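Both complexes shown next keep chain A, but they swap its partner, so chain B is in the first and chain C is in the second.
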Partner chain A sequence: MPTPFTPTRRQLLTMIGQVAGTAAMYQAMTSLGFAAESGYTGDLSLQGPRQGRRVLILGAGIAGMAAAYEMRLAGYEVKILEYQNRHGGRCLTMRGGDRYTEMGGHEIACDFQDGNFFNPGPWRLPVHHRAVLDYCRKFGVAMQPFVMKNNKAYVHSQHAFDGKPQRIGHVEKDMRGHVSELLGKSLQQGDLDGQVTLEDREKLLEGLKEWGVLDSQYRYRVSDDLGGVRGYDVRPGGGLMADTKPSEPIDLSPLLQSGLWDQVFNFNSYSFDPPMFEPVGGMDQITDAFAREVADVIQLNARVTRIAQTDNGVIVTYADGARGGEMREESADWCICTIPLSVLGQLDVDCSDAMRRAIGAVPYASAFKVALEFRRRFWEQDDWIMGGVTYTDLPLVQIAYPSYGFLSEGPAVLQAAYDTATAGRTFTYSWSTMTPQERIDAALAFGRQIHPQYDAEFMSGASWVWHRVDWSLGCYGEWTDGLRDAHYETLCKIDNRLVLAGEHCSHIPAWLEGSLLSALDAIQRLDQRENA
Partner chain B sequence: MPTPFTPTRRQLLTMIGQVAGTAAMYQAMTSLGFAAESGYTGDLSLQGPRQGRRVLILGAGIAGMAAAYEMRLAGYEVKILEYQNRHGGRCLTMRGGDRYTEMGGHEIACDFQDGNFFNPGPWRLPVHHRAVLDYCRKFGVAMQPFVMKNNKAYVHSQHAFDGKPQRIGHVEKDMRGHVSELLGKSLQQGDLDGQVTLEDREKLLEGLKEWGVLDSQYRYRVSDDLGGVRGYDVRPGGGLMADTKPSEPIDLSPLLQSGLWDQVFNFNSYSFDPPMFEPVGGMDQITDAFAREVADVIQLNARVTRIAQTDNGVIVTYADGARGGEMREESADWCICTIPLSVLGQLDVDCSDAMRRAIGAVPYASAFKVALEFRRRFWEQDDWIMGGVTYTDLPLVQIAYPSYGFLSEGPAVLQAAYDTATAGRTFTYSWSTMTPQERIDAALAFGRQIHPQYDAEFMSGASWVWHRVDWSLGCYGEWTDGLRDAHYETLCKIDNRLVLAGEHCSHIPAWLEGSLLSALDAIQRLDQRENA
Partner chain C sequence: MGKLWYLAAFALAVFASSALAQENAATADVDALLSRFSEDADHFTQTDGAALYRTTCQACHMEDAQGDAGVGAHPPLTGNSKIMSKHFVAGVILTGYRGMPGFSSMMSDAQVAELTNYVRTHFGNDYPDPITVNEVADLRPPENN
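After this line comes the complex of A and B, so read on.
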């Protein structure tokens, strides 16, 4: 880099004066300015109901609880009917002692040690999921960084490098180096002179040299400088320890043929941009915080069977678990229904034909997770992997290392297998057919190819298969562009006295933020209708 | 990506059997295997002293305290003489109520609110600094991720984009996109056919398309896919919120001319690879943990003036602050001296001429920091910057956002200016001439160009200038290749009964790890000499 101007003390103080007095300072990016990026402004401005208006909400997930919280604040009388004996919906956390009987009759038993847990559903928050983060701030949910990208974690293919996992940072930096070298060659050969000005060409060459850590001939080769970027075979030490030895890059051809570069692309997503976050102590801390606000209006164990509409309101029929399944009715002026479409499609719902078609049109994505508890954090102690995600072409697809309890001595839990049926991968269908024990066996058998310590350190496991959950029948609404064009607007529109919410009514499927924003949007429109 | 093979349940279970039985599993990366990367093995294997042997250690920084801890464990009698009235050396944390009078007579007053702090010296730990992390594990120092790279933080130039800061993720992804497009063109034109095989060319084109988010004609253009990687002008919402609008990339030429790509290269360093870590509650938690182990052998307020050597031992003369500065002597069989060379060079030391020249040869780098406390976390609330570092060509060089207390409501502290006199930048010399108040004024005046909220939210500030610290006279030993060749080995070698340690005796200057490894290496050599 060029040497910047170095002011003397007097010059520096003069600069300060000039800066302080300047009128040309760039326009401040205020909260208002940035809010434009988001449908969420932090200000709902509900006008509130006419006298004594009642809203019935179906489902005590984040959408239903947020709707209840905001509508009650605005003056509506609210009630939530929840099918399960718990709040939180798909945002849940399993801890030692938890038991869950899945469809098919198998019981999932979680026997993790105190303080250990796993999140079968959402497990991390992008920093731009402002609505969720803003409620966490308001409700005092403590947040910690979730390590998504760890350059020390692995990418792995059974068919490359003799099955030996490669560090993410190595693969990424080597590809960057090779790409820089090749483009440098092209630029020097003048191949791109028609596309790039001479001035840009020089800047670009200078930049590629630093970005790709190229030598003076623009080659990507082992060097001391490369050690400072890619790491070392023998790292710099203290005193008279052995001489530093920079690590050797992987050649372009084997790297390309390995397919491992593709795995690194997993980190490209805007949603995975650093930093990500997680609540301290498990994802259910978020929904628990909402529940603290609205627990008094949630009726658990209420299995809705029918949503009837009149001109002026709704009548919802449900089996009341607290009274031995006795069928009961609740009436209200409005109904906000957050029941997953996979379940809702099987209920008796009064709504337009268009909405009924929309409800039936969206398939639900399959997804599974297996979590394994080990006696010690061997991934930290042996492999220097503190947090982050390893990707592999093995059917376990990814291993996520915990972002909490770093360096502690006791047992810890890996999210040892996870995938959804997207991006052309359908491993999840196979895993969904397995018994809970078979899933643990599979996660161990595959995972030990990456972490041979599995055998010696394994304690217990738990798993989750979203297609075996009777209250969701899948993980999330799997929209295509065609389905969106045909049904999305209908699905979200207020249908007489009924409006739907939940991640399926959003452009952010499977994320808490989508669910929450869908609820905030629905209640704003409902409130406008109420006051129209 | 190609669709992977999807096994049936039966096939999957068969695969597991095969995998479990395979003998060709890659060789386990055990702790032993990885230790080869590091001079630190976690196993010192000191043989211990002959009867009643005494070691005098000068300086209660991490090097001195680690030496004391390990040598006492091995059976040596140890004592530490420390100049200051505190342990920890350059690893220190300032909190509300702390006062420090720097050389020149100005007092730095830190008036931060409870729970807020700033680290004038080391402030983050790379994950491969295994020795420090291993002691933290052993001593139970809780560790949390330190957000180094935040794609939402800024790069900024006064002379680019009308002085408007740009998101790091935008600049990085745009450069990646443009580089991919250009290399894609070259490859398609056949410019590199001599360098890349046809098969690699296809793989590379496929990879560049995904890495750079290129369209079907290998162009880097705004698209829905690009939104999913680069972000949005209007982000995906819930319900019937406004339509998603992907953000527009910056063109190649203005981006190159802005120099902002260069700033992103700051994150290239292996030391900054994600994830980095920090102890919960301030960096002094690390040295406090060492001090808990060795406090009983530390004598504070002991100003060493002379290190004399005999054939069989050392005699150290010091002014004893506990007795009004009375001159006293301590004898020992060995002396481990961790006093910075900048100070040591001014003391009366019996050692070889070669070592004396080495001590005098290494200049000490200048470095400064300014920390500012603000009423609220506007960087999080307004700018969505949660942790990380912003770089700028303003003389403040960088702003670091706290990696603790995320989303909390109260006052918080930015490391609002920081630089060392390296990489051709010498801003730190100017800052070092300013009074503490002038530094705060300067950090505010420059910083408000990036965060206009400074004016409304400022509460108080503190600063640190390493060349105004009488016990270090600079920040760290600034080695060049030439100086290393001439003096490093001499400096580290045992000189009769004296051996030096500290970051200046390492290949990792300015980092705790260098200091710690230098001590571990020195005591191993000393122990071998003792037992020779």
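After this line comes the complex of A and C, so read on.
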């Protein structure tokens, strides 16, 4: 008898997609509980326990604090054990006076002026990350727009245009113009007659002329109309100022060869759709808001060493930093563990073999940031860049300009280098091998190739390397499709009295939203189990 | 007051004469530092084991390969019985190990061999059996795994 084939959910969806098309696959995904905008509806309904129940939560990041907040509201007794002397986890903000000694013993010293800061971890919120934004609304966290795409910011290649950075808007509009011209020519020559009807052809040609700013012969050329779209070499003025002069497009071939078009694709990501947001005053405003709700149940400086399970509860052993590291125990009916897998895998945990394999299976991604403070906002004053992100093929990968304090005088901070392993690039590993001072030196050496003002205006720098943080040993769970098929479901399932939460238990790795949704999902399942 | 001014001027003069020398030294240091980055964003371009170690492994296992430990640990690469097996070391570089990411897509077999042999003969390690490029090729996982 043949063995019945029981596909994984992913295999099943792929089969549906192949047989019935993507619309059917999407529908199936929705009924299986993925897709459909994260499944978050905003109405968490916990029944609460039928009798006194204690929930011990490990980790005071956003997942742990959200779990504590919601479970306490539902009537559970909650307590959070946190290793660090602070709440917030990987959501943190560095300001002047902050010091952090990373693994390897080097100290990161942040000496920024009052009001300036940088976010080593999450730093911007997509508009569709509804759970995070809902809690921000509920807790009164003030939001401001985060400028992700700024057409005045740059794309840059050390190998193109003599290393001179180009404006994002120019590259994008020139590519649109050139592609429109090519498509227009093709349509006029009848090359696409098999694909478009005569009526559609006329509509398309008409549209391309507008969209690509083509002339009457469907050519992308300098013109007054193009000035109104692409900008000017001499901008329209007043009175007797010089005559307006529209700017000249960049030719197609050098543009294609430069690789700058590819860099503009960075902004295509759904996560980066405008408008994005950030909390006023630093990303830790979000986790501080959670902490205001649950601070009374957080025990800081508690280093968990063992998670033991019995048939009807958990016993967690920890070193209590407030009592000179004395080993203590904490018992509860349930444990929600948000410790990153990289660290959890090194602890003594009672769980199924399958879950132990899952915990040990997920590599933690490399990521780093360098922030530099300058005496003045030369990017605004000299280069007319108000917020946004510049991309480059230099190892610094991107420079992010502050989306706050526009036009202000005095020192300001650039996020002067940032990359993660998600892009699969080598650079983030190399940055991670450097001392804090070396990272600043390298960020200055590369950055001055884009902004020559660096040398005259530099004041101080700070940085962060996630692989040199002992409580995360990397930045986020670096899932692959293969790893998800093999381990994800096991990792998220309740294991007797233990359930895991955090960005690693989500389909949105590294984002606060993933962490939050995993916590909301975990507590809903615990509550159902409690009331089963 | 006058004496203080004199001292300040003297200090400035001394500083100015040594500043140029310092600047030159700093430039050389920065060049060495920047050479740690690969020419290629997608693949490491260093070929010898020491340079590969310095631009990858050192991030976690540190300059002296002793690693470091807080609540979580990056293990030392010396006094570590796992290093005895060249296949284990090369395999870990290729596929990763627990929280450690693998490097198979960013390093060639020759680079993995160089790096394996470097780690196993430095930092106090002195294993006599180098791994060959072909042996690394046999360990390489299939792509897109």
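In this text, the second predicted complex is superposed on the first by the 494 of 532 C-alpha atoms of A that agree within 3 Å, B and C clash if a C-alpha of one lies under 4 Å from a C-alpha of the other, contacts with A are read in each partner's own complex, and residues count from 1 in each chain.
Convention: a contact is a pair of C-beta atoms (placed from the backbone, for glycine too) under 8 Å apart; a residue touches a chain by one contact, two chains touch by 3 or more.
On a predicted model such as this, the values are computed, not experimentally measured, just so you know.
Chemist: After the superposition on A, what does A:R425 contact: first (chain B), second (chain C), both or neither?
Modeler: A:R425: touches chain B and chain C.
Chemist: Please work out whether A:M175 is in contact with chain B alone, chain C alone, both, or neither, and reply first, second, both or neither.
Modeler: In the superposition, A:M175 contacts chain B only.
Chemist: Regarding the shared-chain residue A:H467, is it in contact with chain B (first), chain C (second), both, or neither?
Modeler: second
Chemist: Look at A:A442 in the shared chain and tell me whether it touches chain B only, chain C only, both, or neither; answer first, second, both or neither.
Modeler: Once the two structures are laid over each other on A, A:A442 reaches both partners.
Chemist: Could you look at A:Y83 and tell me whether it touches chain B, chain C, both or neither (first, second, both, neither)?
Modeler: second
Chemist: So, A:P395: does it touch chain B (first), chain C (second), both, or neither?
Modeler: both
Chemist: Which holds for A:Q346: it touches chain B only (first), chain C only (second), both, or neither?
Modeler: After superposing on A, A:Q346 lies in contact with chain C but is clear of chain B.
Chemist: Would you mind checking which one, chain B or chain C, touches more residues on chain A?
Modeler: B
Chemist: After lining up the shared chain so the two structures overlap, which partner does A:M434 touch, if you call chain B first and chain C second: first, second, both or neither?
Modeler: Touch partners of A:M434: chain B and chain C.
Chemist: Which positions of chain A sit in both the chain B and the chain C interface?
Modeler: 393, 395, 424-427, 429-430, 433-434, 438, 441-442, 445-446
Chemist: Enumerate the contact residues on chain A facing chain C in the complex.
Modeler: Residue list for chain A touching chain C: 83, 103-105, 303, 340-343, 345-346, 360-366, 393, 395, 421, 424-427, 429-430, 432-434, 438, 441-442, 445-446, 465, 467-468, 470-474, 478, 480, 482.
Chemist: Using the touch definition up top, name the residues of chain C that touch chain A in the complex.
Modeler: 26, 29-30, 33-34, 36-38, 40-44, 54-56, 58-60, 62-63, 68-74, 96, 98-102, 105-106, 144-145
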